[in-house]
């Protein structure tokens, strides 16, 4: 299977969804604790966008970042291990579900402060301007984050200096339990980027190929010195804000509609038509994920005697 | 003389300018200490906007707020007294040049944190919605403040809830010693308001009558439930950011052009043509200001034994 | 007296304030229709209409509008969902709210209450685990309270809202769904300040607040079984803080003082409690400070557990301390 | 050795860092073309081109981009024009920079330096007068230094920039244009931490930092004329803080310890210094804490003067203390 193309995309999306579904199981079983934010339904964004990035590019995500880490190529076992508090986790259990990083894979971290990572991406782009790497950076954040002051500050900073950074807004229509439409007067979030002089577009975020080509185009422009860009991905989460959120704030009709729009259902239908055995793709993903989870569960827990290490140089 | 009309406006503008020029003198003489931000050249904004407000409306300004306080009707003697650290100051010397208030006159304070007062105005508008006062609120801030996160946060908050607040941006083209054009990619600052769903316009901020009619129109709309508005006033300061700033960052040509655009020169020329004795207007303002300053200088200094009072209820 | 858990007690206090004080408003992220991410503000939106509302994710706007509304005579109660999030908007409390009364010589006031919750819970990340009360107790002009039981959560919330000063109320989310208690609702509004003697004993005075209270009491019970009785003074109000009560107790317990909080030790408010006792001349020998290690807080519960005092650690340290 | 005032010394240190470390960047509001509102960064933009630049009034973006650039191997030096302005963007230091190394187990680091200045100057308003170092010393993961002389401003700036941890450097603007001093520029980079014995005497140990150092020394001189010699320990580095040096000195001065800072007393770092000495068992009798009154700072210099320790007040209190 190649890295691009609909079948590869489906596998990549399944890998993420199977990972998230496994977390649901682990949470139910009591192996996984705390607040865990799943991206079930939002897999097309990470899969499309990450395949448009180069190795040296820097990605900054949010607490809803598992899919982004996986799409960036972070191996599954140390990811599970991180969430399970194992010594073998990508951060030895220090980060947890909402705040881990895997710099080796260009994944410069989740962030559990809404908007907190967005200026980091701008800083990474600034670094790229000076270190000769040709790096671009990408910040991923939600619709709700648009209302957090650090985000427009970071966007303006990037615009003013023409920095090579892409702002990717995953608009899943909700911020925790509150719909974005109730929190803004103008729902066209791209207008905010345009107002800062940033090229902006809103696209179907459930289509990995469209995400890839859009991001690739802006990434090329950024590399060529045309400055930042803003891409809004319309998408949906099929599950609650965190594991345990029963989504009383959504109607059944809305959930059904989202179920039809979501990327895996769509990709599966399209590929099935062209004769691909999509069940096999799903099985492959689930096997990979299952093996990684089992291995991580068997990994040694983080060692409390090391808990004070690494605070200072 | 009536409250409105070109001659009243000229007097009101002269009152502000004479006040500020007196401060220059007092600073030179060592009576006035510290960082003092004058609004010389920017008098049309306060004069035009404040005459469009009602008594119960709430105004929130910045450290460059003397003119706004004066236009709101705060008497000159306690204003001077405040800046001179006198017990008779509007805040008994606690506020100083950059952070005084005079709530009795609907002047809810300067603020010396860039953008810090903008959410206060939104909060005052929110209060107005609940207290039956029919109050609207107005936040005044500079071009540079547009890049401070609290400002877009406050603007979106007002927009989302349709609150009766006017955002008045005094664009004097500089933030301290740095030109706004170097700090933004899109110089049309009104776009940022529009993007949030806020009606916005950019007008000649050196024309008090235009400022008044524009603000009055939006104030009426806000009172009628049409939500917030944003007015950008193009203007200029004829002096440094603070007393002592020698403005090396501005060319002589620019200063000369600003000298032609500034509101008092323009109003004087216009009124002289229609036969008004504008020198008499100036003299009247200077006399009033001179008397107030002299009185304030004779007022008792703030009493150090009271310095710990009023911290808590 | 209704039986309420901590969340229910706060809810009852908020309901009382909304009923009694028409100038109150209650807002924050997810507090209205969803009833709060911890369910604390459940049903208030239904009953009080547009005085209770959800906001954008804009902490500077939440706090800043509360300051502005308070200046105009409203009495806003706003929520910062996690204390860690204060840090994106601290200006509005420290540079703004705290200054208003002082600088205007009382012509303006800022009677607002900020509700938040803090501390570590299993697997919470480093950005959702801090205990930040000491940052606020260093700021003249702000009142600070860190309750621990349904009753004192109720009382301090009502007192906070009735106070004419800005008050920050720090809950701990691990307490919300704790045991129910008979809570005296209604009744006179208590003045802010003060604490409670939770048990008495001559071996030492242990001062504590917030979620640690329960661990300290459990440790003190165990210690009592071993024959050592300590006084436990719970002091939810850190500003105003009742230093005199501490000093009286320390004097009565041989000059021995221990302070226990969840915040990390260095720069924690425990240090202030100790120094005041020292300055008052009531201490004898070395005091004991127990708090989180001076590190960040890792997500893995086993790691965090090694850094944050639990009953076992408190017991061990108190045992050593009282026997020294 | 060049003769430099404090501002010149910082400028020289920045110049050296920009020369020696190509990965440094220097930015902030008005720091480049205008050379800084206090002239500290003058001419650096001319000489280092686009590595030195002016920014929008966006403290979250300034600090946040510095964090991001530092994670990628740059070594940013950024300015927050007034320490009070940290409060609009504290998240980026406390929730972000301080966590990076710890949480990533050292796979990522945040070697950034934040320059700021603080304290009161004549007629500065309440929002431009605070001393906030204690907020930062309570945060594990951040280094903190508060210099007082051209030489230690130079040294600590160089050490800060070379440090692989986030460091906050608090200047005091009243020192910038103070007396010139022979400053040893160049030379080996000193490790962070430590302090200086500024004078010795047996009557007491006085610990101080920042602008207060000069007032303390002046008071100590006057006290010496009266026949009482105190040791003055200047400790610019508050994290890491050399508690051992304080304890040795306290032990050598009869267990008597005074701490003087400009920040308000309650919750100030002085309390921590005292408690550590108490915990180390070197104190005897009551300590002395001198700092600003626990109020806001009013603009009128006569009012502020009544709240912030000056030489006279320090002298009076030290006199009483050493004679007690």
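When the chains are written out, they are named A, B, C and D in that same order, and each has its own residue count from 1.
Just so it is clear, a contact is a pair of C-beta atoms (placed from the backbone, for glycine too) under 8 Å apart; a residue touches a chain by one contact, two chains touch by 3 or more.
Chain identities (UniProt): C, D = Acetoin dehydrogenase.
Please read these numbers as outputs of a predicted model, since none were measured by experiment.
Novice: Any chance you could name the chains that touch subunit A and subunit C both?
Specialist: A chain counts here if it touches both subunit A and subunit C, which gives B, D.
Novice: Please indicate which chain is farthest from subunit A, where distance is taken between mean Cα coordinates of the chains.
Specialist: When every chain centre is compared against subunit A, the largest gap points to B.
Novice: Just give me the whole-number Å value for how far the CA centre of subunit A lies from that of subunit B.
Specialist: Going by mean C-alpha positions, subunit A sits 45 Å from subunit B.
Novice: Mind checking the centre-to-centre distance between subunit B and subunit C? Centres are C-alpha means, answer in whole Å.
Specialist: One centre to the other, that is 40 Å.
Novice: List the centre-to-centre spacing of subunit C and subunit D in whole Å, with centres computed as mean CA coordinates.
Specialist: 30
Novice: Would you mind listing the residues of subunit A that make contact with two or more other chains?
Specialist: Expected reply: 92, 94-95, 99, 111, 113, 116, 147-150, 153, 156-157, 160, 182-184, 311.
Novice: Which residue numbers or ranges of subunit C touch two or more of the other chains?
Specialist: If we look for residues of subunit C contacting two or more partner chains, we find 55-56, 58-61, 84-85, 88-89, 91, 95, 99, 102-103, 125-127, 140-141, 294-296, 298.
Novice: Looking at which chains touch which, would you call it a line, ring, star, complete or other?
Specialist: complete
Novice: Show which residues of subunit D lie in contact with subunit B when the two form their complex.
Specialist: 29-30, 33-34, 37, 54-61, 84-85, 88, 121-128, 293-296, 298-307
Novice: For subunit A, which residues count as touching subunit B in their complex?
Specialist: Subunit A residues touching subunit B: 147-153, 156-157, 159-160, 162, 182-186, 188, 191-192, 194-198, 227.
Novice: Under the definition above, what is the set of subunit D residues touching subunit C in their complex?
Specialist: 60, 84-85, 87-91, 94-95, 98-99, 102-103, 125-127, 130, 134-135, 137-141, 263-264, 266-269, 271-272, 274-275, 278-279, 281, 283, 286-287, 289, 294-296, 298
Novice: Going by the contact rule set out above, which residues of subunit C touch subunit B in the complex?
Specialist: Spelled out, the residues of subunit C in touch with subunit B are 23, 25, 51, 53, 55-56, 58-74, 76, 89, 91-92, 95-96, 99, 101-109, 111, 140-141, 143, 163-165.
Novice: Of all residues in subunit A, which touch subunit D in the complex?
Specialist: Subunit A reaches subunit D through residues 58, 60, 91-92, 94-95, 99-101, 103-104, 108-109, 111, 113, 116, 118-128, 130-131, 135, 137, 149-150, 153-154, 156-157, 160-161, 309-313.
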